[in-house]
Amino acid sequence: MQEQLLYFVQQLLNGLTIGSTYALIAIGYTMVYGIIGMINFAHGEVYMIGTYVAFIVIAGLTYLGLESLPLVFLAALLVSMMVAATYGFTIERVAYRPLRGGPRLLALISAIGMSIFLQNFVRLAQGSRDIAMPSLVTGGWTFGSPDTFEASLSYMQVIIFIVTLVTMGALTLFITKSKWGRACRSCSQDLGMTNLLGINTNNIIALTFVVGAALAAVAGLLLGMYYGVVNPYIGFIAGLKAFTAAVLGGIGSIPGAMLGGILLGTTEAMTSAYFSSEYKDVVAFGLLILVLLFRPSGLLGKPEVEKI
Amino acid sequence: MSRALLEVSGLCMRFGGLLAVNNVSLSVHEKEIVSVIGPNGAGKTTVFNCISGFYNPTQGTILFDGEEIAGLKGHKIARKGMVRTFQHVRLFKEMTVIENLLVAQHMHMNTNLMGGFLKTPAYRKSEQRAMENAAFWLDKVNLLEFANREAGNLAYGQQRRLEIARCMVTRPRLLMLDEPAAGLNPNETKELDQLICNLRDEFDVSILLIEHDMGLVMGISDQIAVINQGTPLASGTPAEIRDNPDVIKAYLGEE
Amino acid sequence: MNRTLYPAIFAAIVTLILTSMMLGIKLKTEGINLTLHSAEGSTWTMIFVATAVVFLFQLFRNQLTGLVKLPTLPTVESMLPEGKKGDRIKTLAVCFIVAAALIWPFYASRGAVDLATLALIYIMLGLGLNIVVGLAGLLDLGYVAFYAVGAYTYALLSLYYDVSFWVALPICGLLAALFGFLLGFPVLRLRGDYLAIVTLGFGEIIRILLLNWTDVTGGPNGISRIPKPDIFGLEFSRRAKDPDNMPFHEFFGIAYDPSYKVIFLYLLALLLVLVTVYVINRLTRMPIGRAWEALREDDIACRSLGLNPTVVKLTAFTIGASFAGFAGCFFSARQGFISPESFVFIESAIILAIVVLGGMGSQLGVILAAIILTVLPELAREFQEYRMLMFGLLMVFMMIWKPQGLVPMKRPHLELSTGDKAK
């Protein structure tokens, strides 16, 4: 009994860890969708690039002999956020802005093209092989007895929870309190009207891409340190998962993305634990189809009213 | 009096906290022209959207030929013989005029795929009949010479007429027109007036109309319903409405 | 000057950040340590040149926009003759091309014919996806899943039940269509963007299933020794596998030549493509083709006229899927071996790139693009590595610069002949 409970708790912790990073990536999808109503397919690749940059910074600072973990972490966080944000900004400027207001199909195809381009760009630049990094944070707490089952909560997991919570908190403050956040919310309600009120909506849209990309980079750093591996293909599946999370929670809704991420992560962990880890992706996408079938507006989203 | 073709009673539509339509009732009998009038934002188009199945009404019953249709999907309602036009013309702009009318007959056509691949006689006949029906209605609305033009290139008044023709080729029993005279000049309005009466007299269609042009409404309507701020204000014959003090107040303001 | 100076500096910095991090520094795992290496000097030179170019371009963009104009491609459409006489010339041209395509393999090398067969498979896939994307305006990113369904259906049917190619072909198409129907039914009611992502996920689901359902599909090892198609019971191998059958060369009393098989496969693919072209050509002239067009333009108007949008879209989705099923069946028969490797997302992306380059909705365009995109990488082997990079770039570039594609679609307009309709 005890072991089973511990086993369950372990899976829950693992699920929450992955789920909170999904949530960070999902926010990028949801914010962009909320404002310009399109899926930014290249978002997963920005997450992948964020992981690469984080690895580069960590490797560089270690090589230079910097030992202090918090400093290395902070530097990796800032640099990867900045580079990812630059990518997010450029993607919007190059691939989406010229197509805004045109047929949606064109923007979607452009987005998928951008995603393929970035994946192969990184593959050619950094090679297609796995890059592994020795873990910086080791150890953790364990519960239960070693004879039966031992649940563990690693320090890295704790870091993931804390960083995610702090980031989400900062984002919520930014959206609700700052001038820019207010402009963002107003854009998502009525882009045309916001423009008429003298707010440069182009800048606001660029800002959402930048913020979304920066959050993806946070997730990139965290997951990169957690798994210790990166390759050019991680963005594809992560992007799909994060999108599923965004839809699950209700696309366009930031709390929805958080909830969706956590739910999806937990579902996946439970599927791996009690069913089969090969089929966890199948279950995740199956969940996506089911949600779309029975509650297309997601758990926290508002149903759309069609304008006639 | 016989049973009404369309019988709307107690219709309510709520968007979040806003009650856009409150307890509206209407009835349209065979071969009758009924108008819904009211100030801007009174909820007339919302009523239309509920009846034609684009919105799912919060409350109320809508009987079409005795059958409950409230909450049915728009295309199902259209298939029952009730079609509509839109306040802002919705043509297939990049298709030709004749193609607009062919698309509208989709539900009556032989859409058997095999028939189409092999050009069977049944398929050819169905295409031929659709073509003839389309030509007939183009002639009726004076657009025959523009048959092979792109619909988007027509003048505004012609686009309005094409939209009506596109409804008529579906052989409806009830035609719903959402501000058909909006943007037309007085001459065109007069033609429209004749066309609408003609549709009723010659083709036995009942018509439900939203309109701002009072001359048109008073001239052709058998019954008029007035809506103000989502609630019914009055209903009756044109003469009754003209003298109704509430209606005068709503339109001209308090004296 | 100041007005362009700051944006220029900004753009240059952005370019530097984008390129220096990913291109300039390379990560390597050495033992258990992660190490950094600087890229070669030439890469850095390129990075700085790119930055300088961006800077200068932004600085003088106002002066440049007048001078530099993207050249407009001469469209194939504009070269084609118009009118009644044009139609006759077009028919003649089509006959000529088909005849040439029929005779050509007997004089070409085996490798060339093999490559042409591959191109024909992609033409079929491109045309099939074109129904979904080009005609119905639905973005399907998991098209390869239906291709996989077709391929595995034939492979499994022949492996377990000894079903011949010709019997399996319609079954493959039907089964792929059924999968399309089952997937499309729930999803097509939703907004278009969801379809893109759900089909993407569906493609992954199918691939994962094929990979892990080892007992039936052979998992990552795939299925091998899939029989080649025969023709009226005549096989193209040296000795007939089936005792009832006879090898082709024995029947005609000629010497065995392996190139007969290659040519036969080519001709079979050509036949399938011709049927596809005919069917799609008919579809665009049929009520359903008009309904697709109408639905792309205004779905609210469609609903108000009694068209069920879900059914109309579902027809496109299902028909498109069935062509992928046929193509998959042929593919597995030709290869003789299939594994989940052949059905990854990249394949869907290549097919989409074909449709986008050729022109959404345009049959001629898709055929040309399929030929270009399959033959070009074979001709320039060093290009292989950069193929997907180019395809991604191509999609973005085409959407911005020329969304109609190389050969813009020209829908057959039905004309009302006013002659017999004189009042």
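Letters A, B and C name the chains as they come in the text, with residue numbers starting at 1 for each one.
Just so we're on the same page, a contact is a pair of C-beta atoms (placed from the backbone, for glycine too) under 8 Å apart; a residue touches a chain by one contact, two chains touch by 3 or more.
The chain list, named the UniProt way, goes like this: A = High-affinity branched-chain amino acid ABC transporter permease LivH; B = ABC transporter ATP-binding protein; C = High-affinity branched-chain amino acid ABC transporter permease LivM.
This one's a predicted model, so the numbers in the text were calculated from it and none came from an experiment.
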{"item": "Longest centre-to-centre distance from subunit C, chain (CA-based)", "value": "B"}
{"item": "Chain pair, most C-beta pairs within the contact cut-off", "value": "A-C"}
{"item": "Innermost chain, where centres are averages of C-alpha coordinates", "value": "C"}
{"item": "Centre-of-Cα separation between subunit B and subunit A, whole angstrom", "value": "48"}
{"item": "For subunit B paired with subunit C, centre-to-centre distance based on mean C-alpha positions, whole Å", "value": "43"}
{"item": "Interchain centroid distance [CA atoms averaged], subunit A/subunit C, Å", "value": "31"}
{"item": "For subunit B, residues contacting two or more additional chains", "value": "54, 86"}
{"item": "Where subunit A touches two or more other chains at once, by residue number", "value": "306, 308"}
{"item": "Contacts with 2+ other chains: residues of subunit C", "value": "300"}
{"item": "Contact set on subunit C toward subunit B in their complex", "value": "278-279, 282-283, 285-288, 290-291, 293-294, 297-298, 300-309, 315, 319, 413-416, 418, 421, 423"}
{"item": "Subunit A-facing residues of subunit C, complex", "value": "14, 17-18, 21-23, 25-29, 32-36, 133, 137, 139, 141, 186-187, 190, 192-194, 196-198, 200-202, 204-205, 208-209, 211-212, 300, 345-346, 349, 352-353, 356, 360, 385-386, 388-389, 391-397, 399-400, 403"}
{"item": "Interfacial residue positions of subunit A with respect to subunit C in the complex", "value": "37-39, 41, 49, 52-53, 55-56, 58-60, 62-63, 82-83, 86-87, 89-90, 94-95, 98-99, 102-110, 112-122, 124-127, 130-134, 236-237, 240, 243-244, 247, 276, 278-279, 281-282, 284-286, 288-289, 292-293, 296, 306, 308"}
{"item": "Subunit C-touching residues of subunit B, taken from the complex the two chains share", "value": "52-54, 73-76, 78-79, 83-84, 86, 90-96, 98-99, 102-104, 106-107, 109-111, 113, 116-117, 119, 131, 134-135, 138-139, 144-145, 147-148, 166-167, 170"}
